[in-house]
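You will see chain A twice below: alongside chain B first, and alongside chain C after that.
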Partner chain A sequence: MRAPHRTARSGWTLIEVVLASTFTVGVFAKAAFVMESALGLASDETASMHYEDQARRVMDRIGLAIMGSDRDTLFPQIEELHTNSIRYSFSLGLEDGEVVWSSPEEIRFLNAAGTGAIEWRENPGAAEERRVVWSNLVSPLLEGEEVNGLDDNGNGLIDEDGLSFVLEGNRIVIRLTLRRPEVDGRLVVESVEHVVYCRN
Partner chain B sequence: MARSPRSLPTRGRQGFTFLELIVGMAVLLVALLIFSSSVSGVAKQRTVNRETNLAVAAARNLLETLRSEEFAEVYARYNADPDDDPGGAGTAPGNRFVVDGLDDTVDGGGFDGEILFPAVEDAGGTWQLREDVALPELGMPRDLSGDSIVDDDDHAGSYFILPVQIRVRWRSPIGTRQYEMTTQLCQYNKS
Partner chain C sequence: MRTRLRSRLARRGSALVFAVMSVMVVSILAAGFLQLSMGVTRRLNGYSDTQQAINLAEAGLAEAYSGLAVARTGNVGTMEAPAVMGGGLLWVEAEHHASGLVELECTAMYGTGRATLGLVCEPVGLGVASLGFFTEEDLRLNPDVRLDSYDSQVGTYADQMNTALNNKGTIGSNGDVSVASGNTIMGDIVYGPTGKLSVASGSVVTGGSSARPEEEVLPPVVVPDIPLQKAVKYSSGTPMVVPPGQVGYAGLDIGKNTTLILKGPLDLVVNSLILRLGAQLVFDTSAGPVQLFVNESLDFSTSSVVTTSSQVTSDSLIFVAAPEGKSVNFGAKSQFYGFIYAPEADVHLSAQYELYGGLVCKELQLAAQGKMHYDLSLGATLSGQLPILHSWRVVDLPQQVAARRIDPFQLLGLDPNELLPPAQSHQDQVLDIRYVDTDGRTTSYFGLESDFDWSIVGSLLYGVRDGVAFYLPEDYALRGDLADDPLVDLVDSSLSSKQLRDALLAASPCSAESLTAACLRDPPMSTSDLKSVLDANDPLAPQTLLAAVDSTSLDSSALKDVLLANSPLPVEVLDAVLLRDPPLSLSDLTKVLTSQ
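On to the complex of A and B.
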């Protein structure tokens, strides 16, 4: 009697199955790890870039608003100390040889229930006051800072808010930190710094 | 006579061989490598974009700072020569600056940024602001003192217009990067 021909369909040996399983599990685990890492990184970077862009846009608006003002008419006038609001007027041009100044405007930081905002106001406090919120993602404090009477982030300022103005000679240094929790609980924080010279 | 099932040809239904599995996995690995390298490339590009934003912001901020200075003192305060600083030797910021967040190991010395004027160093080691230097990127040679003459005098104390270039160099994930901003400063008459 002929012995059955088993070689062609004898399947894998146990060692082959173990090796193949280990290899397959390893490859798919690595693939899952790479995919998760890549997607996480991409998500972090995208959120970070989005808020950095937003911070720079807001900063440009603040810079352009203050740029046309006169350094001597800014309020408050405290040198080297930080403030979270600034009031200014800008030059509209000349009339009969005299500079015509705009209505007073103010950019200020608002902090309500842990949520910070930047508010622009025209004719602040007057009946015809207009106000616009430029951003409502402002961090209560500047990045790295804590309310402890110390300069935690090493920028020379103590306990500064998420929006701070510092008058240094003829220039104004503006610092802004935006902060927002993402849906997965991560906190995205972006800070920008801008220097403006008052042109008028 | 019916054939025994044991003798049926089994070639078409025997599944993958070990070799086929290895080849399949290798293809999968290569695909994975390509995917991860492209993700890594995108991440690098984003890092470069972020660093470029930092460099641009630093250059703009420095330019605003130069504008805020007394125009007649800008060259003396921000040139490479510490001896001519208005407040005494070495008291001015000088021509190098640091940009937080950038790798400053390109040129050594811990600085990322540099301020360039149309200046040349004479044989005695003194820097001179000159109209006759050939620096096309700064629009030179040109008249700086407003007398309509391009000469070889030192105009450090008599410039009417001041070409300036702010250059930031840093080491990024894709190699050494550089950002330049060039402008001309002039006396700004406040109303």
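On to the complex of A and C.
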């Protein structure tokens, strides 16, 4: 007896082809979906991390500057209310046996055309003024706040800017919100709060 | 052939392709997430390392700052041998300024974090007066000089003779110190870092001696900017009175038998001041202190007189800003209660110029039989008072620290197990303490702090670092349990048997306590040395005789001689003689008993 010719019967039936194609498309579609989600998440994470980093860096600079300042030289001196700028002098150490203090410096919030920035100024208003922008991603208002005369975010402050200072004795509470729209239209918002004590 | 074809056909399919693709997709995703996770971790670690380094720097500053309150130098560790704490390391550098302010800078390293913080503070009560009697050059004392101490806030010098406070003098130099025969130094001697101490036989030094860890820097005299009137040569029978305020003269020449009264509160600046024969200078501090600034020369002739209206030593201050090489002469007859500061001058002090207070100068010529009594209240008694904080700041990182952000132990090539914590990393100092040890014995230590084991201290009675008292209770002199006999301290010191013999002979008659201590000394005195001391102090008190019987220094013959010299003996001494172990020889015992 002769063995049947298997080659003639090899290959997929139409049903097999349809099923295989369906499964293949399904698997690829799922993989693409997972990839896209993962990349989106990674992108979110990266953006969030980036802004959190920047917020922390800026906050550290502000915090250290104010920590080293003389409480009596802070301006404005208004307690309990929020301001969006602060002027200070800090210790430079000893020179000829005397404590030397820096020329006045200022950290302030600038809001122009809906874009907020933090600007540091040395000798503000003087001829030899120097200025550096520490960040230009500052939100016009602190996270959760709206201009409506109410305390929307429940922090006890009303309509505070994206950078705010509150003096409470020797304590200074600093709040900062960075905000930036991504290319895909998403809005990344990062807020940090820091409490420092004037050490001088 | 057909079989091979069939086999190849049976292995046809695409599952492997899909599987490989799936694995690749998953791998790419996993690698991406891993990368992301590592980035997050790295950023968080970097941030927390920096925070930790700031905390460590704060801790280092706090350690140095609180150290200043107990007379530490403020230096904690070094970059080569930093202090280890909380997995990081730190060191503090202190810079002492002439203005009295101290600048501390602490650098801390933790992981990749680095921080340097600084503060400026003012230790309470520190000053050059805490140096006691100090010369920048070698100090050579002439024979028969007495240097001791007292505390003017406790009472008069006379009331404190032979108390514990009489025994706390500090003699110091940046160079050598030579103690001549007949000198009585009631206190400690601190010579220069590379200097040496020589003590002649027949002198008494009741305290310890040590090299200071580093040279003392004497700040220059800051003379107030007061306009100088023309020079005055005064010889009227009416006293010349300089009124309170700020007054300056190009010169003051006070003639024979003429009186100059300086009425405080007064800052007086003179280029030269001369007291001629019989002239008198009075520091009238009844209404305030008098500060006398001398720019060029000062000459108090031998038969002139200097007096102070009160015994408050901080009220009468003489600052000599004479240029280097100039000598100033205190030849007057005086019991001067005050402080003399002449960082550039060669000071000549006559034997009749008895100084109660302190003296710091470049060179000192103290005449034979001169007397100086250091007032402890002039020195710093910190009593744990924290320094006054003037400012705090963030300091730029040193270049060598900022350069490489790797593990600090690896960077500096250090083994954390070989480093000390901050509390034990303070710069070494000369420590002078009296304490009750854990066995309940009262004892003293004088020497480098690094050689002292603080764990044996049960309670501290007083403590001094580099001449600055960091613990001295106000009732120290009044507490019977603490008011030690200076000669007992002498016996307990590290003097050799011969040195101790000479010192005790020079100080004879000695107290019963000191003789008792000498009999029971460990290591014991030699037989001949102890016998010489006991012979010089006949008759001996019963307690001393009992100690002599128990002494390992005295052999049968020497003890017999001592007992015979003090016969008839009290009953308790005779009992002790009979029970002695080892017993007296039969012939010696017979002689002692027959002499009763």
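The working rule: the second predicted complex is superposed on the first by the 182 of 200 C-alpha atoms of A that agree within 3 Å, B and C clash if a C-alpha of one lies under 4 Å from a C-alpha of the other, contacts with A are read in each partner's own complex, and residues count from 1 in each chain.
One rule holds in what follows: a contact is a pair of C-beta atoms (placed from the backbone, for glycine too) under 8 Å apart; a residue touches a chain by one contact, two chains touch by 3 or more.
None of these values were measured; they are calculated from a predicted model.
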| item | value |
| --- | --- |
| Which superposed partner A:Val27 touches (first chain B, second chain C, both, neither) | both |
| Partner chain(s) touched by A:Glu45 [first = chain B, second = chain C, both, neither] | both |
| Which superposed partner A:Thr73 touches (first chain B, second chain C, both, neither) | neither |
| Comparison of chain B and chain C by chain A residues contacted | B |
| Partner chain(s) touched by A:Asn111 [first = chain B, second = chain C, both, neither] | neither |
| First, second, both or neither for A:Asn136, with chain B first and chain C second | neither |
| Touching partner for A:Val99 - first (chain B), second (chain C), both, neither | both |
| Touched partner set for A:Asn170, first chain B, second chain C, both or neither | first |
| Which of chain B and chain C A:Arg199 touches, first, second, both or neither | both |
| Touching partner for A:Leu64 - first (chain B), second (chain C), both, neither | second |
| Touching both chain C and chain B, counted on chain A across the two superposed complexes | 24, 27, 31, 34-35, 38, 42, 45, 49, 56, 70, 91, 94, 99, 199-200 |
| Chain A contact footprint on chain C (complex, rising order) | 6, 9, 18, 22, 25, 29, 32-33, 36, 39-40, 43, 47, 95, 97-99, 101, 103, 118, 120, 390-395 |
| Complex contact set, residues of chain A against chain B | 4-5, 8-9, 11-12, 16, 19-20, 23-24, 27, 30-31, 34-35, 38, 41-42, 45, 48-49, 52, 56, 70, 91, 94, 99, 169-171, 192-197, 199-200 |
| Interfacial residue positions of chain B with respect to chain A in the complex | 6-7, 10-11, 14-15, 18, 21-22, 25, 28-29, 32, 35-36, 39, 42-43, 46, 49-50, 53, 57, 60-62, 64-65, 67-69, 188, 190-191 |
| Residue ranges of chain A touching chain C (in the complex, touch as defined) | 6-7, 10, 24, 27, 31, 34-35, 38-39, 42, 45-46, 49, 53, 56, 64, 67-68, 70, 90-94, 97-99, 199-200 |
